[in-house]
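Going in written order, the chains are labelled A, B, C, D and E, and every chain counts its residues from 1.
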Amino acid sequence: MRSIIPILTVVAALMAIWYAGAIWMNSKWALDQAERAGVELSLSEIVTDTLAQERPVLPAPHQVVTELWQTTVEKNITSKRSLVFHGWITLSATLLGFIFGTGLGVLLAVGIVYSRAMDMSVMPWAIASQTIPILAIAPMLVVVMNTIGATDFLGKDTAEALFGTQPAFMKGLLPKAVIAAYLSFFPVVVGMVKGLRAPDAMQLDLMRTYSASGAATFWKLRLPSSMPYFFTSLKIGIAASLVGAIVAELSASPIRGLGGRMLTGSYYGQTLQIWAALIGAAVLAAALVGLIGALQRGTLRRMGMKP
Amino acid sequence: ADDLTLQLKWVTQAQFAGYYVALENGFYEEEDLNLTILPGGPDVAPAQVIAGGGADVVIDWMPSALAAREQGLPLVNIAQPFASSGMMLTCRKDSGVETPADFAGRTLGVWFYGNEYPFLSWMGTLGLSTDGGDGVTVLKQGFNVDPILQGQADCVSTMTYNEYWQIIDAGLGADDLVTFKYEDQGVATLEDGLYVLEDRLTDEAFQDQLVRFVRASMRGWKWAEENPDAAADIVLENDETGAQTEKHQRRMMGEIAKLTAGSDGALDIAAYDRTVATLLAGGSDPVISAAPEGAWTHAITDAALK
Amino acid sequence: MTWINFWLANSPLRGTRLVKLFVPAVFGITLLVVWEGLVRGLQVPNVILPPPTAIAARFASSLDILWVDFVQTFVKGALSGYIIGCGAAFLTAVMIDRSPFLQRGLLPVGNFIAALPIIGTAPILVMWFGFDWHSKAAVVVVMVFFPMLVNTVQGLAASDHMQRDLMRTYGASYPQTLLKLRLPAAMPFIFNGLKISTTLALIGAIVAEFFGSPIRGMGFRISTEVGRLSLDMVWAEITVAALAGSAFYGVVAMIEKGVTFWHPSQRS
Amino acid sequence: MDQDVVIEANNLDLTFQTNDGPVHALKDVNLTINKGDFVSFIGPSGCGKTTFLRAMAALEEPSNGSITVNGMSADEARRNRAYGYVFQAAGLYPWRTIAGNIKLPLEIMGFSKAEMAEHVNKVLELVDLKGFGKKFPWQLSGGMQQRASIARALAFDADILLMDEPFGALDEIVRDHLNEQLLELWARTEKTIGFVTHSIPEAVYLSTKIVVMSPRPGRITDIIESTLPKDRSLDIRDTQEFIDIAHRVREGLRAGHGDDA
Amino acid sequence: MDQDVVIEANNLDLTFQTNDGPVHALKDVNLTINKGDFVSFIGPSGCGKTTFLRAMAALEEPSNGSITVNGMSADEARRNRAYGYVFQAAGLYPWRTIAGNIKLPLEIMGFSKAEMAEHVNKVLELVDLKGFGKKFPWQLSGGMQQRASIARALAFDADILLMDEPFGALDEIVRDHLNEQLLELWARTEKTIGFVTHSIPEAVYLSTKIVVMSPRPGRITDIIESTLPKDRSLDIRDTQEFIDIAHRVREGLRAGHGDDA
């Protein structure tokens, strides 16, 4: 709660900059239009015009907020025009991908730390995998997964047997989750490798005097020492997972979710829709990162790490 | 019912109204078809989808379909609901461009991703190089018309049914703009056609499905042309992003109807030859190197339109 | 193949530079052979996945294009964005580290802004900064900012009590504590951020080109050639990306080894 | 007399809040240290010696009472760089060599390059670590690390030296040697020294004042003013006076333990 | 006699490679320790005591020569959990409470819950830390941490106890107390104990065998078999026999220092 005032201060400063930016960036268009219409604009006219354009270069905050309000609160959340609906589509892919990605990342990290062969052979390829532009292989991946029929989570028939009708978010979930996982496993690998190697020589020696098994050393020493690194990685990983899910939405079929909204917003020139989706995605990211932060604080406190 | 999957070239919009209409009105069902429509997007290459077995029929533009054929993917045109091209280059009048002769030294926005072929052919016939210098400077234009609004390009690519209206909506009047329709410049190439893989055409059962599919689709298009507003509404209902507006889709339907007008679905051989000629004429760097063989068939439309 | 690796990795030769290069190479070659075999065996169409040999041939015959694209995307877009983005995040971290007020205020808001997804920001940044590499650098800045910030902030908190108390007994000024204690202690974390950012920078620069670009650059080439179904060219570009990215990462990792030699994870 | 007071603690209380309740580390502690005093703190493990030393150096905030140093608050004195502090654990920075660690305070206090090199050499020699300047901390034995940390505190000329069991990990002979060195330094420079030790002979040999503490809550049970002359050699340990003082310290210590056993 | 040999070092050499050249930590070391021996290692700081102890526990690999434990290699013995080891620094895991730290080896060796609780309570009491089980390491004083680390090594019943200056940070009285406890434990359980210390009286009081070492390169200069009876009270420290042995140790130690000064 102590942080409310600082946050508000920063947000207020940001808003001021944003408004100034909106006026500055949109004024060119307003002046352009006026010139073609052959009229002179007064300063106040410029300001009112720039803050209410239908296709602004930079929409004013209140325009975005209005759009957000209209597409969240004022729409039924099952409606395709509701940002909540699209947010949920994206979130489900993000979370599933994050779980896959984190799992894979931790497993690889453990392998790398425990097996020299894996360290030498996997790490360079894990790095290389991340330099492959995801937007380039996402469509290929979707095509391939489509071909082998692995697109829906649970599969249409299973889902229908379980829930009556197939929940909308499950349709085409898997390729998106895979791409989200692809982006999120890497920060987890890098951070966890470092974290699992963080115990100092004496701490490791202690385990050796107990002739502790690899498993015991892992659970009782390496894993606890890696926690600060682990949570930092998770924060980056979940943000990456969200980016992955949104990127994947451009190649997935049907196009929807926050990424789909950004794309169609851009395609149809609906700047406000882009910004609303953008802010929506950022809110989602912030909430997810915040959640992990809370988890981190709780865990580290239980581990007596910080007064 | 037979399952059939159709991959669109782009997102759900009135450009594909005929298929959605046929689906909603049960035309496919009446033909004993269970059709799935897969919307496309900027990152979906229909040819790739069909090569991977993700769809049975795809909608593509002929230049890119023929290019794919040269790449070793044997696409065959089985029907051509779009008779004419909707592609244009739209310039701001205040940039000083009045005729194609003024292009030299200008910055032009172009779509790539297989949509650049008509443009490249045109520039080829105009004798303008596309890599700067004394020719034109080409920008890879994104999804939208921002470059012309922001003044980053003198001209951008537009479709009669979509981007052009976005420029208008953004506040530029029709008389602030100069447009060059590819049709008028004699470099028009065939757009949205239906393509399948050549080897599957030998399968009689599949042929039969295609016949029924084309028949129902053309029924859909006829209906859409006659009921443009209702067709636009059907499209809106099928839009999963919830981003479409009624105003825009109805207007788009109106423009689309102009392009489908005059086609009964059968490929017009003259238009095909003109397309091939245009693509072959692309100066030093033609899009295709030789006139393709067997790139189309009338077998399906002949049977469907009986 | 794999057993060669296990044998090499555990043999007395394991420390040598040769083996360090050889082991991943063996792994990679295994991968490529399997790939070639699968593509040929299953007759996967070239327009879906070309075999490595076709990619290599295309690579060799297109060196000039690949080079131009590399300079445009990697050198101009990714590298400059990386430097600016990591630098800005670093300075921000140091700045908010000093002020608890800013830390509590700016960190959440900073996270928030940095979490804006690239798909949404790229078109906007292209609109703002133009079609050339400047907008790509801007996208990279936005992308690398968050990982770098989180790591640096975490790292600046990593010194232990006694180490900080020592500085207090010297009545050390803030900059002195920063320079002589907190930054060195933060280095393992900072390099974590720097390493993750190398790959992000490359991806960011490439992906941003999908949203508008001049007609050169790795992202431009990839998106264009996918549409043209020249998948061999696409993979040639991907190869360049992987090579450049790995080299970039490797350089940063090497610097890390030098700088954080004292950290238990670097001593073995 | 009054202007000679260097450290003054008045009714000092210090409580730590922990996950299972408060720990009273210091309770009602009063002490005056004059300029040039050599004060030893002795007491059972956990009685608050470290905490008291830390409070003097403004590393802990008293819960109650006050502590003044050179007439100002402990914190001001800290910012004036009044202290050299030797921690109970060596606490060397792992990214610096031994010489680099010793140089650290000198860099902070703005010594010149030449001065630094000179000081480093001098104190390395003092603690018998010549030739180890280029090694990293983890390459040194425990005792060597501790000596390096002593060298670090001696490298700059603070008026007040606070040392928390500096010689704990050293053998008798090195210890005797360093004791002599320390006394010599103290006599020469008139520093004021606070010194935690567990060795009764060491406390008696070094100090002008011995503070005996007792735990739970940590408090001072005895303050013994030494009657030994300021100029001492190691032989003094065989004098009756020395033995008497040692005896009194031992009694105090035993009493402290008694409370609790 | 022969089957009683527990630890045997033959021509042991151990060299560390460092950034500025090799350090000869151990050179030509020979030693036999029999079952039930209490062996103390004493020598100047940096002479290789810790290194030797670590080599016995297979924490360092000798460069040359061999070391066998219970007739097998040190490493096999380690894998058979033959050792309890107390490190020179406490080395508690910061994320575990004191009780949790002591429980650690018990968890690893698969003790039952009830056994664990019992052992933990017993050793906490032994080192006088009852009531501190729930605290985290950084909430304890230096001496308390060291005692916790002793408790951790005693919690499971290893046949060989290797202790590296376990009582360095403790005051005389606690130290005496723990010395008695340790002797009592040793007599009762017939453990074999290797013990590094800097205190000559402690070494003489506890040991059946005192190994005097000297540095650069680290080697053994004297091995003194104690003639004191196995059953000892603290009073024994005033006997002539005790004083004689202590004298011999001091001489050895001094000689080691002399080499080098």
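Everything that follows uses one rule, which is that contacts are C-beta pairs under 8 Å (C-beta built on N, C-alpha and C of every residue); 3 or more make two chains touch, one makes a residue touch a chain.
Just so we're clear, the structure is a prediction, and the values are computed from it rather than from any experiment.
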item	value
Contacts common to subunit B and subunit E (chain labels)	A
Chain whose Cα centroid lies nearest the overall Cα centroid	C
Distance-maximising chain from subunit D - centres being C-alpha averages	B
Best-connected chain pair, where connection means C-beta pairs in contact	A-C
Distance between chain centroids, defined by C-alpha means - subunit B, subunit C (Å)	38
Separation of mean Cα positions, subunit E and subunit A [Å, integer]	54
Averaged-CA centre spacing for the pair subunit E and subunit C, given as whole angstrom	49
Touching two or more other chains - residue numbers and ranges from subunit E	89, 136, 138
Sequence positions of subunit C contacting 2 or more other chains	48, 123, 127, 210, 223, 226, 263, 267
Subunit A residues counted as touching two or more neighbouring chains	57, 135, 139-140, 143-144, 201, 250, 263, 266, 304
Residue numbers on subunit D that touch subunit E, as the complex places them	16, 18-20, 23, 42-47, 49-51, 88-89, 128, 134-136, 139-144, 147, 164-165, 168-175, 198-200, 250, 253-254, 257, 261
Footprint of subunit B on subunit A - complex, ascending	29, 33, 36, 54-55, 57, 79-82, 85-86, 135, 138-140, 142-144, 146-147, 250-251, 253-256, 260-261, 263-270, 273
Complex interface listing, subunit E residues touching subunit A	54, 57-59, 78-81, 83-85, 87, 89, 91, 93-97, 104-105, 107-109, 136, 138
Contact set on subunit A toward subunit E in their complex	202-203, 205-213, 216, 220-221, 224-225, 227, 303-305
Residues of subunit C that touch subunit D when the two form their complex	162-163, 165-173, 176, 180-181, 184-185, 187, 260-263, 267
